[in-house]
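Letters A, B and C mark the chains as written, and numbering starts fresh at 1 in each.
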Amino acid sequence: MSAAAPAVQISDLWKYYGDYPALKSIGLSIHAGSCLSLLGRNGAGKTTLLRILAGLLRPQRGDLRIFGHDPRDGATRARIGILGHGIGVYEELSALENLKLFANLYGLPNAAESAKDWLKRTYLDNVSDSLVREFSRGMRQRLAVARAFIHGPDLLLLDEPFTSLDDRAIALLQSLLQGALNRGATIVMSTHQLREAMELSTDVALLNRGKLVFQGPRPVEMLQDPTWLYRTYGEG
Amino acid sequence: MNFVSQTLTVAGKDIRSEIRTKESLNAAISFAIVILVIFSFAVDPSAEQIKEMSGGLLWIVFAFAGALILNRSFARELGNDCLDALICSPVPSAALFTGKAAANFVLLMVVEAVSLPIFGVLYNMQWMRDPATLAAVCMLATWGITIIGTVFSALTVNLRLRELMLPVLIYPMMIPALMAAMRLTTVLISEGTIPADDIIWLRLLVGFDIIFTALSVMLIDTVLIG
Amino acid sequence: MRQNVLIGLALLAGLWLARNLYVIFLGLPDEAAQGAIYRIMFFHVPSWFTCFTAFFVAGISSMLYLGKKSTMYDTLAVSAVEVGVVFTIIGLVTGSIWGRIIWGIWWTWDPRLTWALITCIVYSGYLMLRRAIDDPTARAKNSAVLCIFAFASVVITYKAIDWWRTQHPGPVLSIRTGGGNMDPAMEAMLFSNWGALLLLCIVLVAVRMKQEDTSREVESLRRYAHAA
């Protein structure tokens, strides 16, 4: 990972829905190796911002660089992992087929090996040939995590990752995220589960109606009282 | 991974899940057979005229059955937000598109391969007079239908009335390809060969495929990314 | 200011049309072969030109929208298509009336008629697609893509139908080509009325654009209200 370019560099970014600005002049710099929690109430623009970072949406105005490159470059996208609201795996394929598919799409040299390895790491190796539609909720979530991590992404974009996860999946995800941080990866996540998120976060950003109202290292106060930021900067 | 293998990976994924569920293939084949049967009430099946309208009948069947397959193409990606996961992967949108189009093409060709003999039996028709040319015509026209259908499947995937909008949008666009396919299939079944003054339809078909494949590949990135 | 220009142009178009109507009905003699009904051609042919112009403009502005992402081009595209569809329908109806008198039938699968009908259906699909998408940005983008496909398809269809119908000639086809050269006064009137209809088309597009801008503004105000 180049130390020179920040993981994410955004300047004066605007996203409109028609004439309505969903994001207003966002400027944000996330340095490599940090974990940013994106806070704000529903409709503040968190998901829109994450989708723009993931290259799923195009902003109307502004500049966005990921590791110094355009987010729609194939090489850039190979370094990004996403975990959104949906699990992003196919119901009618088996767990192994799903992971092999994504390993292939990401151009991993040993697709089958990595797929098996990640099934083991997410405790799904005993059901690797079962179709996803037969899986329980917790198993699906773990498979989704494996899908997002399989290519060893340098930038992880997580949209409400802890919502509706069971305890086992939360523990797994937290340890994987910690592991990713340890190897120097960058994490951007939107979340309402402040307690789970604050343990990992090095930085926080608060969005209020499409505007970035706070960005900086996580205030110490938030470890004790996660809602401190909301109270201090409005938007309860 | 290069463009071709990316395309094949996406196509293989689509065909594999279709073989597992058979949801659109079953529906499309039964639908095709039902239209073939119902059509026998519209005309006297033993008449010589049926030869004259064989191409028309067949391509109406294929186009209608095709819409069922094309409707599922991108809708299949909606559950679990799989489309997002695909778009985020390093695979370019164009490879994603050609992969899905290739899968639709294969599925529609299967429907045609099943429908043609049934048509031959039900209407007592010698359709195998020049199988190689007929197959070539079917492939060219099916690619035209598939390319338009796949791009519009992507365009309408987030719509409330997706299943209704897709046929309304694609059929008028496909008319040139359908006209050419109908004409060529009719002469191939009734005369067993393409006469010189009908070669122009073959050229139209090739031109249609090239123009719309190029347009689709150029515009698909815009379609898929909001 | 813009409003006044629009009203001025609309008045000009109206006067021009009124003057043309006067000349068409009272100034020009009946045509030798067709009698009085030939006058409908002064509206039929120009409206056909006008609709093609409108769809061409819509195609270009859709491409510009995809390139520049400025809502202005989307507004222009939808307005041009809507007005274009109206002129296509005028062309179809006037042609149908003319056909009833001259050919004795309301409709025949003549290449131009078939083409006009398919074009009308294709562009109605465009208008339907717009109604089905709620997010204005996605609507603009998707309908711009559709508009480009529509234009390509309509151009190809134009050629294809010509071949198709030539191979299966209708019983009445020769009447259309056998008209011979036009009287210069009539031809001048044809172009004059095209000018008038084109001006009318421009006014209608401008009015529709204004309305589209307003409705987009209302839409965004609704989102603001929702967010507050």
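Basically, a contact is a pair of C-beta atoms (placed from the backbone, for glycine too) under 8 Å apart; a residue touches a chain by one contact, two chains touch by 3 or more.
Since the model is a prediction, treat every value here as computed from it, not as a measurement.
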When A-C and A-B are ranked by contacting C-beta pairs, first comes A-B
Central chain of the complex, centres being mean CA coordinates:
B
Give, as an integer number of Å, the spacing between the C-alpha centres of subunit C and subunit B.
31
Taking the mean of the CA coordinates per chain, how far is subunit A from subunit C in Å?
49
Between the Cα centroids of subunit A and subunit B the separation in whole angstrom comes to 38
So which stretches of subunit C touch two or more other chains?
137
Per-residue multi-chain contacts in subunit B, two or more chains
226
Check: subunit A positions touching at least 2 other chains come out as none
Of all residues in subunit B, which touch subunit A in the complex?
1, 6, 9-10, 13, 16-17, 20-21, 79-82, 84-92, 221, 225-226
Going by the contact rule at the top, pick out the subunit A residues touching subunit B in the complex.
51, 54-58, 72, 74-75, 77-78, 80, 82, 84-93, 97, 101-102, 104-107, 131, 147
Which bits of subunit A are touching subunit C when the two form their complex?
16-20, 43, 60, 209
Sort out for me which residues of subunit B touch subunit C in the complex.
148, 151-152, 155-156, 158-161, 165, 168-169, 172-173, 175-176, 179-180, 183, 197, 200-201, 204, 207-208, 211-212, 215, 219, 222-223, 226
For the subunit C and subunit B complex, residues of the former touching the latter
66, 118, 121-122, 125, 128-129, 132-133, 137-138, 141-142, 145-146, 148-150, 152-153, 156-157, 159-161, 163-164, 167
